[in-house]
Amino acid sequence: MSQNYQDRLKDIDKRTGALFKAQTKVMRSFSQLSQAASADGALDAKTKELMSLAISISIRCEDCIVYHLKAAIGHGANEDEIMETLGVAVEMGGGPSVVYSGRALEAYQALSA
Amino acid sequence: MSQNYQDRLKDIDKRTGALFKAQTKVMRSFSQLSQAASADGALDAKTKELMSLAISISIRCEDCIVYHLKAAIGHGANEDEIMETLGVAVEMGGGPSVVYSGRALEAYQALSA
Amino acid sequence: MSQNYQDRLKDIDKRTGALFKAQTKVMRSFSQLSQAASADGALDAKTKELMSLAISISIRCEDCIVYHLKAAIGHGANEDEIMETLGVAVEMGGGPSVVYSGRALEAYQALSA
Amino acid sequence: MSQNYQDRLKDIDKRTGALFKAQTKVMRSFSQLSQAASADGALDAKTKELMSLAISISIRCEDCIVYHLKAAIGHGANEDEIMETLGVAVEMGGGPSVVYSGRALEAYQALSA
Amino acid sequence: MSQNYQDRLKDIDKRTGALFKAQTKVMRSFSQLSQAASADGALDAKTKELMSLAISISIRCEDCIVYHLKAAIGHGANEDEIMETLGVAVEMGGGPSVVYSGRALEAYQALSA
Amino acid sequence: MSQNYQDRLKDIDKRTGALFKAQTKVMRSFSQLSQAASADGALDAKTKELMSLAISISIRCEDCIVYHLKAAIGHGANEDEIMETLGVAVEMGGGPSVVYSGRALEAYQALSA
């Protein structure tokens, strides 16, 4: 299962790279936007990635979940912080957020193994 | 194909179970909420599961579709009732609900076989 | 407050009428779709309007809430049935469905007065 | 009614301006992204604004509808082109897109008066 | 303008209170869920309310924005933290999140005045 | 990979065909709606399919992306037009539209090969 999510991350990167080549101006601006929005500031980068994870669950975007989960782990988010993020998503999304939080939990177990 | 959807239901249960362990207070409350909302009352449980199915299609949540479809069948929903539920979803969602209703129909054929 | 929701219904009708004139073929087909989907069948029209109400809350479409609430009342939905529909919406949408169910409840009080 | 939508556009501009001051790096990047995405190219700017209008209706974002409708008119979109855009939105969104297309039509009448 | 948002908060409370009476079991469970999800833990309550604010913007729920913004302020969120939350929402939602972040900013100015 | 997307299109057709049999009146009306909305008019069919593609990305409907991408190609949309459509979707959806535009690009490479 772990390999599955690692592959998924690679596929996301590959597709995003292809989009960068095809729509360079748009994607370069998005990249700058993303860096500006997710950099350490009054809120640290870890918190911001957890926010993006919570949004990703709420809107049921599975690639987004895997991407921002990986980024949150990379910025030092621990298991409790991630699980509480899933709790907030459930509060803000009910049943559909339960099933996507379940997928986020599975991805966490795979990516933190 | 049938096995596919049965497996999907098992995976949903497994992931939800893991989420229950990780966020027990949140999930216990959600479970109570879910039981209160879906119990027989002025509307019967079957009708409520069909409503949840219609919502699941409208918001394009595939795990939700499979879960609430199974629950609707379990509460005695017959094929005509399920198909008319898909019709309501198409009215309320246009083309995207057509493709997700098509998936719900496929799941129904697999789970009721 | 009642007048408010009655006016809202009139505005929806007026705008939909204008759209009918501007996109007649599309809207005539939609009208046929809507009639086919919401007619009495294996599920009765009341149940189908309650389903549409549940979907409307889940997707946070306030005009849709008022429109389908009125239609559900018109098909004989009673207060308990409507309130339980709101409960299903909360199960399927968490906090955002709480605030929109609150709006649906307010609209019900105004339109059934 | 016309004044209403003109005021709405001014309010959107005012709020976006305040956001620009508060989140300058993020908003400057978004502005560059927006300019790159909506500039004349293989598709002209008018077509791109009509696309953004269609998306705005589909996701039920009323400020977005008014903003991109105004931009489409500014790039020379005529009434038929706008009405057919609403038709596509109805195809891709069913009933909820009917009510938001009705709002877009009302806004068009006000802003093109 | 301040009064406007204060009134909006009162209306949300009033409608939610009415829903509590109408769907007591569902709403009591939701209330417990909400308390469990938003309590201080590995993440503090302020961070969780900012997450809920980010989600609210992403899904374009204006009542949710006002409600969770007020709660975030109540838990000590300062202006910079709130503005950076809007930045994350823009990253995760593009143009539609720009207009709703603009509304969140206006609400912040009114509610913190 | 190409075969993958061709199979996906076949599966969509198969499921939609089954839905047609199960909900004939609803689906016949939807079919008429779809034909009326997507026919050549003030905007040509190609442009309308690109609009539907843009909407499909914005709402994260993968089957819709593949279906309308195929239709756009069938109506003569070239690579630049499709890529600029993805750019508009990114403007209107931020990060989640980046990952779904990446999937649309991959589908384009497979279906135009």
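Each chain gets a letter, A, B, C, D, E and F, in the order it is written, and its residues are counted from 1.
Basically, a contact is a pair of C-beta atoms (placed from the backbone, for glycine too) under 8 Å apart; a residue touches a chain by one contact, two chains touch by 3 or more.
Owing to the predicted nature of the structure, the values given are computational and were not obtained by experimental measurement.
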Between the pairs B-D and A-F, the one where more C-beta pairs touch:
A-F
Assuming a repeat means more than half of the contact pairs shared by residue number, which candidate in A-B, C-E or B-E repeats A-D?
B-E
For the pair subunit B and subunit F, the C-alpha centroid-to-centroid distance in angstrom is 26
If you average the CA atoms of subunit D and of subunit F, how many Å lie between those two points?
21
Centroid distance [mean C-alpha coordinates] between subunit F and subunit C, Å:
29
Residue ranges of subunit D touching at least 2 other chains are 23, 26, 30, 33-34, 36-37, 52, 56, 59-60, 64, 83-84, 87, 90-96
Residues on subunit C engaged by subunit B in the complex (per definition of touch)
33-34, 36-38, 41-43, 47-48, 50-52, 54-56, 58-59, 64, 78, 80-81, 83-85, 87-93
Residue numbers of subunit B touching subunit A in their complex, please.
12, 15-16, 18-19, 22-23, 26-27, 30, 33-34, 52, 56, 59-61, 63-64, 67
In the complex formed with subunit F, which residues of subunit C make contact?
23, 25-26, 29-30, 32-33, 36-37
Spell out the part of subunit B that touches subunit F in their complex, as residue ranges.
60, 79, 83-84, 86-87, 90-91, 94-96, 98-103, 105-106, 109
Touching residues (chain side subunit F, partner subunit E) in the complex
90-97
